[in-house]
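Each of the next two complexes has chain A plus one other chain: chain B in the first, chain C in the second.
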Partner chain A sequence: MKRKSFILVLYFGCFLTLTGCWSQKELTDLAIISAMGIDLTENGEYASTLQIINPSNVAGGLQGGGAGQGPPVSIYTATGSSIIEMNQRASKKLPRRRYYAHTNVLVIGEELARKEGITGILDAIERHQEFRMTAVIIIAHGVKASDLLKVLTPVDKIPANKIIKNLRFTEEQWGEVFTLNLQDVKKDMTAVGKSPVISGFSIEGDPVQGSKMENVQTSDPETTLSATGLAIFKEGKLVDWIDGKTARGTVLILDKIKNTGISFDWKDKKDVGTFQVIRMNSKNIATMKKGKPKITVEVKAEGYLSEIRTAVNLTDPKILIEMEDTIEKTIKEEILLAVEEGKKVKSDIFGFGQVFHQNHPKEWQKLKAEWHDVHFPELTVDVNVEVYIRRTGLRNNPSVLKQ
Partner chain B sequence: MPSFFKRRQITKQKMKQKKEEQTKQKIGDYGTTPLPSSLKEKIDFIKSETGNSFDVIIRKADLDEKLGIETAVVYIDGISNTQIINDFLIHSIIKNRELHRKQPNKDIFEIVREEVVALGDVKVLPNWKEVFQMLMAGETVVLIDGETRALGASTRGGEQRSIEEPGSQVTVRGPRDGFTESIGTNIALIRRRIQNPNLWVEVMKVGRVTKTDVSIMYINGIAKEEIVAEVRERLNRIEIDSILESGYIEELIEDESYTTFPTLYYTERPDMVAGNLLEGRVAILVNGTPFVLIAPTVFIQFFQSVEDYYGRAFLATSLRFLRVLIFFISIIAPASYIAGTTFHQEMIPTQLLIAIAAQRETVPFPAFIEALIMEVSFEILREAGVRMPRAVGSAISIVGALVIGQAAVQAGIVSPAMVIIVAITAIANFATPSFAVAISARIIRFLFMIAAATFGFYGIILGLVVLAIHLTSLRSFGVPYVTPLAPMIPKDLGDTVFRLPLWSLKTRPALISSEQSQTRVGGDQHPKPDSSKKMVPKKQKGEQE
Partner chain C sequence: MEKAKIGAYQFFVLLLLFELGSAVLVPIAIGANRDAWIAILISTVGGVLLFFVYYRLYKFYPQLTPTEYMEKLLGKFFGKILAFAYILFFVYISARVLRDFGEMLLSFAYVDTPLFIVNTLFILVIIYALQKGIEVIARTGELFFNLLYLLAVIGFILIISSGLIDLNQLKPYLEQGWTTVFNVVVTETLYVPFGEAFVLSVILPYIKDTKKIKYAGIAGIVLSGINLSLVMAINISVLGIDLATRSQFPLLTTVQSIQIAEFLERLDVFFMVSMVIGIFFKASIYFYAAVSGTTILFKFKEPSKLVYPIGLVILFMSITIANSYSEHLKEGLDLTTRFLHPFFLVLAPVFLLAIAYVKNRKRKKK
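After this line comes the complex of A and B, so read on.
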């Protein structure tokens, strides 16, 4: 009995001394950082921008009455020669303890991404106990990360939230950009046969005006943030931006499109029909032909016709089949556009190399070393698209037909 | 010098002993002192012993005027049935005067016992101890001149509370009767439910001064003999002045005093007692209280309600799960709030964290102090609500709702989130089916709050580990407290957090009921009403409607 109780005491002694999460921190002592931006200054130092939430200005609480009066976020900046050092330096200006566990957005300035790349930055963030690897990463397109984070946004009061939701719903409903978190980026960067593509965000309007409260107090905000384009990386550095159909083609090959509208031409009339995708998936198949690598991109798309602005008899199945062919061609064009762009900058953003690695491991050993620079640009890419028109929306023939 | 003190100590002890002896005599421990033969002496003794109490009624009646044989009927007004005494004792004595002359061979005492006293239960009382015992229980004592024995006739009665619906355990479906303060009524309520000669009742007097009737009830053959013997022994061991409620007994016979968890179940419902007796448990009834103790008790019983067995099995099972959840909410809800907001902010979704942070912005206290203030003020409010006279009770709720619910939040002393947490905890606490465990959870909650304030969720987990260890260490009359979970008894798991259909609960709880007969349900009782399918004939092919 005595022995038993001694062991019990010993156990609990260990429990109490071996704790990891010891430090207590009151909520009112925390500066909750919603987003962090990193730029490169003119003299080659880093500049970080911390977007800190003012809780009482966000939530419509009973007390305080401050909701909507002050800005929902405050910006603090600091410069330094290393990421962690400069962030700690920011605490000179901050009344509270910096808290990174809710930092959901990391913004990288374009200049930094081009000149220095993101590899070093990710290392510091990965090592940090509080920073989450599920935070979304974006590249400031044509602007500084600090300017991007200063812009106040209506509807979603916290700009970081607006960025995340913006990305998510654009991905779901249109598909030119997609959500990518730090973990995904890290995976892409460590893989040999794939380079990361990261969504970009830009400011529409005047950045200075955007940081003022007036920006959210009008029905037509002067300055807004919008998702624009995808940044292509090569060896950790930004090399090119793609936009529009090229960007959608890229997202399509990456199999991340859930829902989108594809405009197609019909009998010499440009963009008169829209095919609304409800299900779409793509698959990359790698084959070796006489020692030469070949990729077949197979796309299957199902959907309905959501718009027809020309006289066409949709009750005729033959016409629908013909229409499917047209849409297939349109999709194929988009994909090839994206592939061409990737080949131009010599960066395999589609992960074709990974497919070879998985299916032809032996041959991959030979291809591996010069994949991005030699083999990928010479790669033969076949595209097979299958389109199924399941419905024609809530009506059959367009009213144009009756005239 | 030391010897001097020693002597003084001895004399002190002696004095104490003497005093104790005196008080023992005084409080009516007469031993086997026989009765004197003279009626006058007997009456005088009773009068002096009861201090000429107003409610001790002594009615003299001549049995034979010529021979000078007198009798006296002694009873206590209020606890005996005067109607019966008048009709069947006094009236009978007067009517049967000089009866003994017709039977000269027979003893007068025997004649009175056999022919005069027209009542069912008549006892011969050989000494003062038994005379007083009968008298104080509401029976009537008949004293006869020249006899050293007395007669005791059962005339218990007097005003009693009628059988009402139990206030502490209300059900929607189920019997509406509850126990009363009278042990006789309570035994009858149980016996009416189990009409079997094997339902055995043992009665004993406990309490040196109060002489309270305590009875053990069990079903012979179903109850485990060791447990019955253990209960009997523990009750016999009790030596205390008074037993005023079953809580006295509970505290004196329980296995472990230093715990917040009750190791004996108490109930006001006869159907619950009957159900437990049929599982092999022992009921302990105490005169003067409607609460009956049940032993042995296991922890899971506190999450069960009698209604579980009256309603459908699916609902009962889901309700039991809900009750376990409720128990956990009522012990760790405020603790989790403290841990979440002061240690593990990363675990709270961002939006929620901002909402909580905004509320806490104006609160001047740390989360733990805030929680403590709210919990304590709620406890004060609850205590006030329970103890206040009913007429003023509603004022408390208004003041409480205004002061704590609204004003404190508007003043920025506490955050609305905290009010929600306290409210949820309180409601969860009220929803616990057993009041005994609800009280236990009330105390433990504060310990968990302290653990959470010092170590965060780690502290809560640590607390739960300690709680689990503590629960498994408890026993109730030798039966481990968390049976059938630890030790695991697979066949008993059907009636724990689950309540499987009655036909599938084939045996009684293993550790509690007797090993000889544990079968509860005979054969395959799963209802399969095949015949009813034929009641509606199948339609023939081609037949038209």
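After this line comes the complex of A and C, so read on.
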């Protein structure tokens, strides 16, 4: 009997200790940070912007009755001389405990990226147990990170989610920008033969107006966020922005494009056709010729014709082969445009150096030291493109072709 | 010596769990940079050779534990001294493994919890298991072996299907040449984890089917070597050499990078579970070796009673051993793998084997 009661007491003792509430954090006490922005202030300190989810407003919105209740996110800012310090200082304003495990977006202000670079500030984030290295990193193009995070967005209520989805679907369907997480950036930054390129986001419209609820209560929001261009980095610092075809060429070399429409000229008529890519991959091959490095970019693209606005007989396979050649040239031009841009700022954003390191380690030892400044700008880049038009959609000939 | 019977399969499982133990969690052989996986594979060959040394020793005295045959081989006085040194070594390494466990948990999950609490809870579990005897540990091993491999296979599939593996990261091969690789093999990976198989000679006398020991041992070492090499290759190809080198626990970082279909992510628990399983067996077996040695050396009748005091020693040692994790690691590299492991895991066994050869040849001549 005594033994039994002893065991009983032990059992209850276990209940007290086994609940695991050593550092318990109640859900209602957490400030879930969806995005974090870092800027440089005028006196050289860091300014952080924390975008915090208002759980009740997000849930209300989903059921349709939540409009007018308040914004789905709130912004808190703080300044400090180090990343950790300023974020902890933000707790003076925050009624809850900061929680980083759901921080999916890190926004770096352009000024910070240009003046100080991103190498140093990533350390604190990398070291942190809560912060995830799978968070997406973007650069605020032409604006402050704090302004970017303030803008409220329709459809996807939480701006951080909008940014991620925006990037992902642009990458899948168009290709001027691509998703890059912190781990990828770290990998690129530490590889000698590669510099990172990071997608940029900018504000269209008035930032102040964008932070108000009215912004999401109209069908045509006054202020929107849009992915604009790629930021080229050199030695950890932002040096240039690329956009449009140059940007797509870059993403193409990096083999990140899944789907895209390539407009091409046909018989002196500009951009009359569109080639819809279904599968595309590129490969960089490094060779050494007489001690000189050479890169061959090999691209294979497969797809169908999705638009043609000129009289051309698409039922003739020979014409399609001719068309393939034209598209190949267009893609090649785009790639060379990107390579020229990279050479101009002397930053190997394509990872050509890395390919040399991996395949010609001995020669790389000589090239390594001055790769970005001397050898990369002088590098011969050959582009081989193979395009296959597999079909022409649901119609054969365009109606403009009179038979 | 307690009365216990262990099957050859159980021995294989224990060996495998013991070898994987903490080695799969920390960056082993990272001194060889991108060629870490090559270094591990080479060490596996060395590990098999070392296992033959231990196995031959066992063959000379199939009924005796190392503590006993040390006395026979070196004489009463020196044999006892060496056996006692081994006990200290086992206790020390057990404490180190426990410290590894605590530091890992504290670094990434239980940041606010004191090390003492975490280590105490874990040593209590180990004490409980050891008190039940080696048979229970072996059976637990069978159970957890399946779980560990299930996790490993799922994790492997997830990593591959998330498209994270970039085999180009492993290139260029042998950038620093074979010398670096062999240097790492000889100073590091040969002992941890492969040489550590010596600790399992403590349980060799319990094994029923003596004929299968050889095959179980070789299979265990080879399989664990392949596993470790594969894990390191995956770590480097996912993280790149820089991140893999700078990560305290590369496997954790690798597992954390898995992102599939928006919801299969943050699978830290994979790492956590394999860590608890691996470290449990590694610490327990070292601990058991210490207990078994003490029982025989000091002629205790009930080994299970010894578990508590030695457990306390291990617990306190694990905390006082170093001030910081960095110091703990530094101590591991500078003291343990440089002096203790080569002596206890290679030199001493080889020396004992040599004596055993000479003695037995004399006997045969007579």
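Everything that follows uses one rule, which is that the second predicted complex is superposed on the first by the 372 of 403 C-alpha atoms of A that agree within 3 Å, B and C clash if a C-alpha of one lies under 4 Å from a C-alpha of the other, contacts with A are read in each partner's own complex, and residues count from 1 in each chain.
The rule is simple: a residue touches a chain if its C-beta (ideal position, glycine included) is under 8 Å from a C-beta of that chain, and two chains touch if they have at least 3 such contacts.
Given the structure is predicted, the values throughout are model-derived calculations rather than measurements.
A.B. asks: For A:Q183 in the superposed arrangement: first (chain B), second (chain C), both or neither?
C.D. replies: After superposition on chain A, A:Q183 lies in contact with chain C alone.
A.B. asks: Answer with first, second, both or neither: which of chain B and chain C does A:H357 touch in the superposed model?
C.D. replies: second
A.B. asks: Taking the superposition on A as described, I'd like to know which of chain B and chain C A:V58 touches: first, second, both or neither.
C.D. replies: The answer is first: A:V58 touches chain B but not chain C.
A.B. asks: Examine A:I84 and indicate which partner it touches, taking first as chain B and second as chain C; both and neither are also allowed.
C.D. replies: neither
A.B. asks: For A:K25, is the partner it touches chain B (first), chain C (second), both, or none of the two (neither)?
C.D. replies: First partner only.
A.B. asks: Comparing chain C with chain B, which touches more residues belonging to chain A?
C.D. replies: Touched residues of chain A are more numerous for B.
A.B. asks: Which partner does A:V208 reach: the first (chain B), the second (chain C), both, or neither?
C.D. replies: neither
A.B. asks: Considering each complex separately, which residues of chain A are in contact with chain B in the first and with chain C in the second?
C.D. replies: 22-23, 101, 132
A.B. asks: Mind listing the chain A positions that touch chain C in their complex?
C.D. replies: Interface residues on the chain A side: 22-23, 101, 129, 132-134, 183, 186-187, 190-191, 354-355, 357-359, 361, 364.
A.B. asks: Which bits of chain B are touching chain A when the two form their complex?
C.D. replies: By the definition above, chain B touches chain A via 341-346, 350-351, 353-363, 366-367, 409-410, 412, 416, 453, 455-458, 462, 469.
A.B. asks: Going by the contact rule at the top, pick out the chain C residues touching chain A in the complex.
C.D. replies: Those in contact with chain A are residues 107-113, 117, 168, 171-172, 175, 239-240, 242-243, 253, 256-257, 259, 265-266.
A.B. asks: Across the complex, what residues on chain A touch chain B?
C.D. replies: Interface residues on chain A, with respect to chain B: 8, 12, 15-16, 19-28, 30, 32, 34, 53, 55-56, 58-59, 61-64, 99, 101-102, 104, 130, 132, 158, 161.
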